[in-house]
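In the part that follows, the structures are each spelled out as structure tokens.
One chain, chain A, appears in both complexes that follow, with chain B as partner in the first and chain C in the second.
What follows is the complex of A and B.
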């Protein structure tokens, strides 16, 4: 399988009143075509920033945006803006934003919002675009009669489907899903996940799935990357990360995930995630880590390769 | 009525009147439509349902923030559903609430100390400022916001989500209530913080022998923290019983769907589709006839489920309202 996306030493720092916030700090990985990589971590670990850095949709207060984002052989970071918006966004990669249900315009009908993509990006006439919009709604299992409805007439799950439809309108190859189900009920969530699985099969899509729920991540992932304080703590194929976690943070995160059919006692991770404006020295997890050694306070661990597709950044494993 | 029972709720209905159309024809949103439940002293009871199932309305009705249109609510054997607001002040002290959103439920202009002193001054429980100070300190230590002096002077915006929810818990507990309604107390928090806050609530509940009514849609977490479970759908309880029994052997097709929709962190999940019903929860204005779940039910019996409303029946330790078992 060929690589569709390669990040090399990606950094995204924000300038804020409290100082420089290192939201994404030296992240590298390769993603193969048709796979799903989940980015898992607590709030404020830089998961969403990573998505913005990959898409190159950046706020104004950027301090550093460096490294490489190589998508299908092109470094997006140096691509002219015009080419990015004309050739890449929606056509090659698209994103479903967090709280996307609220990103629909309340005064435009569903049909207008879905067909807008086709009139703007594909230069279709209005009637053509409406037909395409109806097709697109069927793709996400919505009745095409929804075209004349307004967002407030739809349920949360339906709105989420509309947003997914818009993201898929120009048949992108890579879809970034930022907590696509976080405001939905469990049954609706399961229906949306079923849909995402089907779409991935049908269109051979590549997903980057952002979530804080390891259970949900197990639904879609081929690979899981556990993020902590702007860095990758552990990266590997989903099976080994879920069944044989190596990084203490991943182990704690799994122990804190409620399991319906197991009797294991739930644990929690003491302390709170660090402030990214002044992260701890050495390993960023050391203040909360049960195995922290003296060296963890000073030495920053590298992401070391344990085996094929398996990386961990922890000094405990570096010694061996 | 046994002495270990705190709340007894019988066939409670909470409807909201809305007018529709030009001539203002009155219609009702039947948010809670005939619910009975019991809460034991010091017991943790959970109500689980999807958005729009009426679970929050039920919680607020039990707290008498809403007045039910029918049914009976007994607190410690005393009937409270028909009392007027001014007759309820004593009950306000006995029953407290923790809201879902720790960002919205704390006044941003108040310090933590002021937030916690309000219930004390309103109910005139402390005799002087020193006593108030003492109670606030104790409340902050209880929720592990230490040192208390440091947190007392902070404003909500200086706290993290988890810390704010601790303040909300401290506020609910400071009057030593007998009942706390916790409306999705951790759903806005991170997965790792959730367990911490729930464990804290559990330990305080045991310490002060408070009864807790959890309102949630999260079956996986509630398994660890409640003894009794009620499943709510479209304003009605469709299944109830000991939490573990219901989760192990759910009887109602809706409960079965809820349980099968929850993803455990299992790598096998990648390879299967979840067997969940499509469709949307019904409108509370005109709920379906017969069993309210019948339009989405995979085991729907034509001629029965769509015409006859199922009654609660007992199957082993579980009560279920479903024709499959009658």
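What follows is the complex of A and C.
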């Protein structure tokens, strides 16, 4: 399988009043065509920032944006902005935003918003675009009668489907899903996940799925990348990361996941996620790590390859 | 499920909401009344604007007459205006000698008011080549006659204002002396009192129906001349002490016509100024808030400068130097308000809206900045902008009035502000010509009230917290 997306030493730092926030710090990985990679981690660990860095949709207060984002052989970081918005966004890669329920323009009807993409990007006439929009809505299993409705008349799940429909309108190859189901109830969540699975099969899509829900991640993904404080803690195929976690953070994270019918007390990780404006020295997890050694406070661990497709960033394993 | 609370978006539903609140309905009703008033001016074929500043055009109206409906409160039956046109005169042409012609004109006026008219004016049109012997007589219902004029005059048009004419005054004085009345009485009282009451020293107005059978007052004009092509036409104006719906001013102009012709001007000035100024300011605010950084800084600093500009003083200077029309004034007003309070508040709203997820999403779909500004941000700002337009309409109507009162209004057009300004310079407040001040002021207040009421109900629509359940 060929590589669709390769990140090399990707850095995204924000300038804030408290100082420079290192939201994404030296992240590298390769993503193969047709796979689903989940980015999991606590809130504020840089998952969403990573999505923005890949898409190159950047906020105003950028401090550093460096490294390489190679998508289908092209480095997006040096691409002219016009080409990025005309050729890449939506046509090659698209993003479903966090809180997709608010990702729709409240003053345009669903039909107008969906067909807008066709008139703008494909140069279709209004009636053609409307037909296309209706088709697209059926694709995400929505009645085409929704075309004349306004976003506030739709349920959360419906809005989510509309947003996915817009993201798929130009048949992109890579879809970045930023917590697409976080405000939905479990039944709707399951529906959306099944829809996403079906779409992935039908269109041979590659997903980057950002979530804090390990259950959902295991359902959809081939690979899981656990992020901590702007860095990758552990990366590997979904099954082995979830069943045999190597990084202490992954172990703790899994232990903190609620399970049905289990009496055991939920564990939690003492302390709080580090302040990314002034992260701890050495391994960023060491203040909360039960196995922390003296060297952890000084030395930054590299991402070490354990086996094919299995990487961990921990000094404990480096020693072995 | 999270659902966004959302105000009704379509114009139809906003209008529906306005009409269903009491204040909104009242506001719309007043506004329709004013629009209908201005429609009279728009569809009327008469050109009041040109007539307004021509003193000759208003001779058939009384000076400073109160509105007719005031009699409902004061009681009595004060004089109303009676005009006898030349074709209503009975004309009698006699050939006295081979080359001498005598023309007799008689006008009969049934007069049943409680007061003498405020003026009795005779307009004569004499055609011919030689001089004319002119005699004018006034016959009361009791049969007594007063000779107003006997003179030799050039053949020309002239108006005899009997109450102030020196010849007439002398003749009437002579008449009173002949009756043995020592006091000098006003001419109006003399002409409209019975001879008997004059002799008794207690002048009492005589009405046509006081005598049996009833008899009208009569004006007789006799003209004799040798001239070829000799002809006389006359018009009799008995001007009342009350007139029309809104009374008249000191130049005999009908204030009602001033109000009617001022209405479209006030509405047009207020609406255009409010609409254009608010919209421009809102667009600058949206650009400032959405684009941010340098654009924001530049627009905000320009706004700061505009906010400290002495608006009224600058307008006064412009108007003082150039004496412009109201429409040039409108352009000056707009030019001086390109940036302002709305820019500031819309900017702060745009700052908030631009951070909403759907803007980010639009960006990722490849929407251009201009497209996002026009289709994603501006529509969200429109409700606020429209509410703002409704509040600022009265402000601009007031502005026009204020400038007029300062003597800086349009020199030609009759506007409400100009009516008040002329009332002010005519001493209306001092002499108690209240209709001259109150009626135009009332209309200005009415326009403000209408828009304030509409805004009040709009606010309820746009501000869901205020909505009545």
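Following the convention adopted for this analysis, the second predicted complex is superposed on the first by the 315 of 320 C-alpha atoms of A that agree within 3 Å, B and C clash if a C-alpha of one lies under 4 Å from a C-alpha of the other, contacts with A are read in each partner's own complex, and residues count from 1 in each chain.
Throughout what follows, a contact is a pair of C-beta atoms (placed from the backbone, for glycine too) under 8 Å apart; a residue touches a chain by one contact, two chains touch by 3 or more.
A quick note: this is a predicted structure, and the numbers were derived from the prediction, not measured.
> Based on the shared chain A superposition, would you classify chain B and chain C as clashing or fitting together?
Fit: chain B and chain C sit side by side once superposed on chain A.
> With the two complexes superposed on chain A, say which partner A:315 touches: chain B (first), chain C (second), both, or neither.
Neither partner.
> Report for A:60: first if it touches chain B alone, second if chain C alone, otherwise both or neither.
second
> Of the two partners chain B and chain C, indicate the one touching more residues belonging to chain A.
Partner with more touched residues of chain A: B.
> Now for A:155: first (chain B), second (chain C), both, or neither, which partner does it touch?
Touch partners of A:155: chain B and chain C.
> Touching A:296 in the superposition: chain B (first), chain C (second), both, neither?
Touch status of A:296: no partner.
> Applying the document's definition of touch, where does A:256 land relative to chain B and chain C: first, second, both, or neither?
first
> After the superposition on A, what does A:197 contact: first (chain B), second (chain C), both or neither?
first
> Would you sort A:120 into first (chain B), second (chain C), both or neither based on which partner it touches?
The second partner, chain C, only.
> Looking at the overlay, what does A:233 touch: chain B (first), chain C (second), both, or neither?
neither
> After the two structures are laid over each other on chain A, how near do the C-alpha atoms of chain B and chain C get, in Å?
5
> Which parts of chain A are touched by chain B and by chain C alike?
Touching chain B and chain C on chain A: residues 155-156, 185.
> Quick one: which bits of chain A touch chain C in the complex? Just the residue numbers, please.
55, 57, 60, 85-86, 89-90, 94-95, 97-108, 116-117, 120-121, 150-152, 155-156, 163, 166, 183, 185
> Quick one: which bits of chain A touch chain B in the complex? Just the residue numbers, please.
Of all residues in chain A, those touching chain B are 42-43, 141, 155-158, 185-191, 193-194, 197-198, 212-222, 238-239, 242-243, 252-254, 256-262, 266-270, 272.
> If you look only at chain C, which of its residues touch chain A in the complex?
Result: residues 1-4, 6, 9, 292-293, 356-358, 360-368, 371, 375-376, 379-380 of chain C touch chain A.
> Can you name the residues of chain B that touch chain A in the complex?
Touching chain A: residues 50-51, 160-162, 190-196, 199, 217-221, 223-224, 247, 257-267, 269-270, 273-274, 276-278, 280 of chain B.
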